[in-house]
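Just below sit the structures, each encoded as structure tokens.
In the two complexes below, chain A is the common chain; its partner is chain B in one and chain C in the other.
Then we have the complex of A and B:
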């Protein structure tokens, strides 16, 4: 700063506005984005919180009354739609995350060391990631169609009878998990691969010299070093998996299917809001959902800090 | 040295495993594109799974009758506008947040990544339908910025963190103001970062479904919403549906092919810093 003051600035740079702008550039740069996001987040969140305490429903112009925590009592005692949706949300996220991290780790390790044709594998890995989720849902909907789908034809070649897949009351959720794993395992691969590439070779080499086998080196050298990246991958994927909507809506339609087979919290809240216009109740579900997401993130990051120590 | 002498069984295992990975990732996509060239009769006839005569009728249906050129235009316009506006707002913000170490402020912007979309949509819908803006482009672009702005800030912050301060400092010595140094030195140097952020923001906006589902009107529909035109209550026009899905997703996959490096660096931004 002192250097600037001593150099003679050009005449255009000394205008009052320019000096003011330079002195306040920190907030001048940051404020527009923050105001934009802040206004579009904080205001909606506050409104959602307010709506959750009212009986708002029907038209957006309709009068609503303040009813305290009645919605929360109603939602939390709803074992018909709400709690099954909570279970499905956690089931979906947990199982999908498990497979994505395990498969993602396996593929990342396979890709770790350079080899011929690596480029093609990387291209293949990128494709599901950038594909439009709704289109991906439709694509699998055809493949998993019980009558004309390729999946059942494939099983037929191995002598296995046709499965209902998305059409089955109990197989729909696992099938959507499969679709999520297909689309997002590549994301985990990319993140873990970036982590692996940034690791130093030395500990691995040292262990090799000491005679550790591949599994021992992975378990005791690579995995602990990679753990922070694994947590990041789990965090990023976990947040998105909790909020999964597109593929569920594309494959099963409104309400997560006629028996709500794949109705997660997000799908439930969407249906309450825009199919039934139950804004008060849906806001309550959303506030609870939001707390669940924050809570899971907090649990993960606090474990991450403990692990770093 | 030890690495060079990897045993052959491992190499074979790796080749087989990776071939399996590639096939399972690409085969479904190929299947979708193939089905888009089949007549509905052929799609229903499983014996013609591989041997079929390709036809263009699904694409004429999608592009001519279903008005898809308009939806392609809508999608392009919304994704483009949201991306440009996000870059204009997001790049300077990320610069400040990186240089002045405003981690708490950055958290506000990154919160947008955590909040469920529906909880934003309900209040937005309340406000914007009272302002009679639902169904117009402005609200749609605004909502898509909500996806792209945090992405831009996140990617650019990581980029600026890695950009050495010395260049800016020497520009200051040469008599440039701080803002001048940002404009003439930092911004040109950030071109790769801005490209990464822009591409990612475009892809995510193009693929976004939920915001457009609620906020778009018949004339402003984007492609992911328009896909549902081929799903009826009673039956599905599979050929048309697969052609529509291909029209949405193939362009974005082709673009990603060409700018692969940027897409990968954007998707993994910040992941290794922990």
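Then we have the complex of A and C:
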């Protein structure tokens, strides 16, 4: 820093400028990042918060009135669309996350030790992860088509009658959960595998010498050591699953189907703003949704800190 | 190893972030009257045809046309974002007069074209059909030029009908039902009837059933009438036909592409749909039934045959565009007499009276389709959905009884709920 301060000034003009710059350098260096955060995170958030307190609809440029917390009251007392959407959001996330972590752990353990053709298996397992979600949605929509889809044809070979899959009022959500598990388990595998590779072999070997069987070694040695990584995987995948939109939209379209079968908070807020042009109410749902995500993230990270200790 | 772990997590985070970010995009720059014209069009046969003809327009005018082409829903979202932001990077926009027309005009997204349309004799604005022109006007101002019209017709399979011993397509809705039932019973794996089932998507095609039963969405005094006796019968008929004689495990999300797929895969005998999509059924590359498909006028109900006859798409100019006079040049050309005739010959029903009067204009249509269209145009109803500002919401409301009927729920209860909700929407808009 002394170098900057002692640079000989070429004129009084620049010397004043460089002195100022030097005095404020901590702000100057941080400025780009602060502008970025301000413009891309704080402003949109504040604007959404403001919209949620108005009756904005039709056009954002049209005049809107400040109506306080009326939107919040309306949304929180809406048992027709809002609360079912909350339930679905958490149901979708909980069930998908459970299967992703359990399956992810199983696959990671399988891939942990070297074996022949390991590379190919790893590539194959990572395939779903690199596919774009909308393409994935379209593909599964074709497979699960009740009349011309492959899934029902396959069931037919085993003598099982055709299922409605995505078309059914009650089977649509489980089917989208299946698609989510198919697509995102590889990410959990990836994270857990990284965690497993970093584990030391010694505790495991010691337990083996003591006569512990495979399950005991996993339950009492590998899993506790891996716990911080598992929490990271749950955190990353959980937040992402709460916000799932692409797969639901690509398979069921607007409003999550005719009976809102797969309408989560994200899909609901999208519909409010793009179908109904009710920007005020939509912003309210998004703010509530945002608080929910912050809350879940906080709960999980505080557990993670406890786990790390 | 910790480094590896971090880098792996980092990579996966980057992948996740990239997937998330790829959904965003856009931006634009402001330029004055420029030689580059930005035109936003929907995926449609019309668009394919106009793209092929574009070089001719570019040569004539020296303008460069940049086409953005999107699906219906994506197009609608794009407009919502860009027009809301007052963006000037759309000059010409293809839009649905009955879906977004009122909303866009009310929000002042559409430039006033009254002087431009009426000031040019060669363009011949008088040539346009009155109904479509009404739909593209707002408060006595012309805000759009209709380019495609649509009527609902009955698509059917000639081979299945003759196999079942029928020599002609059904004339009435009762006949349609009994013929669908017979064909379904005699041909395992083939549905008697298919049509749109999605709550919002089905509303337009259901409207012809509603009118033919003597009902409508709203009565003359502006009251919601989706629970009138006629409406209840229409809902029960449409939903029942799909429930009893529709495809197995019927989805309640079908729009035209899914329903059309079932029909063109040879899995259904009858299909009611907009005529403007007929090429999907007659084109051998897209359809397994291209040589056996027939067309008939919409079957008559208790109130006669009352299909809709609407302008489905129009061209408008973005009010915020700084390139409006060039944009008008494009519309003059694309909706002009020559292009409309060329489009009509290529199978896109136009909005100009002259192309329908011209024998050349209907020469390429299947004979039975041309006859069906002529009948529909004569006794058609000018709207296929509730005429309100919040069309998307209204469609979901009046579409609920359709899916309830398809899934075997209580139609009377459903229409009562729908009517109440629809009335509330109408009151809110007053």
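The rule is simple: the second predicted complex is superposed on the first by the 275 of 309 C-alpha atoms of A that agree within 3 Å, B and C clash if a C-alpha of one lies under 4 Å from a C-alpha of the other, contacts with A are read in each partner's own complex, and residues count from 1 in each chain.
Everything below uses one rule, namely that a contact is a pair of C-beta atoms (placed from the backbone, for glycine too) under 8 Å apart; a residue touches a chain by one contact, two chains touch by 3 or more.
Small disclaimer: the values here were computed from a predicted structure and weren't measured.
Peer 1: Should the superposition on chain A be reported as showing a clash between chain B and chain C, or a fit?
Peer 2: Here chain B and chain C cannot both sit on chain A without a clash.
Peer 1: For A:258, using the defined touch cut-off, is the partner it touches chain B, chain C, both, or neither? Pick first, second, both or neither.
Peer 2: A:258 contacts chain C only, not chain B.
Peer 1: Given the touch rule stated above, what does A:275 touch, chain B (first), chain C (second), both, or neither?
Peer 2: In the superposition, A:275 contacts chain C only.
Peer 1: Scan A:16 for contacts with chain B and chain C and give back first, second, both or neither.
Peer 2: neither
Peer 1: Touching A:38 in the superposition: chain B (first), chain C (second), both, neither?
Peer 2: first
Peer 1: Given the superposition on chain A, which partner contacts more residues in chain A: chain B or chain C?
Peer 2: B
Peer 1: Just to be sure I read the superposition right, which of the two partners does A:60 touch: chain B = first, chain C = second, or both, or neither?
Peer 2: Touch partners of A:60: chain B and chain C.
Peer 1: Using the superposition on chain A described above, determine whether A:167 touches chain B (first), chain C (second), both, or neither.
Peer 2: second
Peer 1: Could you tell me if A:228 is touching chain B, chain C, both of them or neither one (first, second, both, neither)?
Peer 2: First partner only.
Peer 1: Taking the options 4-12, 22-30, 130-138 or 166-174, which segment of chain B carries the C-alpha atoms that clash with chain C in the overlay?
Peer 2: 130-138
Peer 1: Which parts of chain A are in contact with chain B and also with chain C?
Peer 2: Touching chain B in the first complex and chain C in the second, residues 60-61, 129-130, 132-133, 148, 187, 190-191, 193-195, 198, 229, 232, 236, 246, 253, 273-274 of chain A appear in both lists.
Peer 1: Can you name the residues of chain C that touch chain A in the complex?
Peer 2: Spelled out, the residues of chain C in touch with chain A are 1-2, 4-5, 8-9, 12-13, 15-16, 19, 22-23, 73, 76-77, 80, 84-86, 103, 106-107, 109, 197-200, 247-253, 255, 261-262, 265, 267, 389-390, 392-393, 396, 399-400, 403, 407.
Peer 1: Give every residue of chain B touching chain A within the complex, in rising order.
Peer 2: So the residues of chain B in touch with chain A come to 2-3, 6, 11, 14, 17-18, 21-22, 24-26, 28-29, 31-32, 35, 43-44, 46, 49, 89-90, 92-93, 95-97, 99-100, 102, 105, 108-109, 111-126, 129-130, 142, 145-146, 149-150, 153, 172-173, 175, 177-180, 182, 203, 206-207, 209-210, 213-214, 223-224, 227, 231, 236, 238, 241-242, 244-246, 248-249, 252-253, 256-257, 260, 263-264, 267-268, 270-272, 274.
Peer 1: Can you check the complex and tell me which residues of chain A touch chain B?
Peer 2: Residue list for chain A touching chain B: 3-4, 7-10, 13, 18, 21-22, 25-30, 32-34, 36-38, 40-41, 43-45, 47-48, 51, 60-61, 106-107, 110-111, 113, 115, 120-136, 138-143, 148, 150, 153, 182, 186-187, 190-191, 193-195, 198, 205, 208, 228-229, 231-233, 236, 239, 243, 245-246, 249-250, 253, 265-266, 269-270, 273-274, 279, 282-283, 286-287, 289-290, 293-294, 297, 308.
Peer 1: For the complex, which residues does chain A have touching chain C?
Peer 2: Touch list, chain A to chain C: 58-62, 129-130, 132-133, 145-148, 152, 162-164, 166-169, 187, 190-191, 193-195, 197-198, 229, 232, 236, 240, 246, 252-255, 257-259, 273-277.
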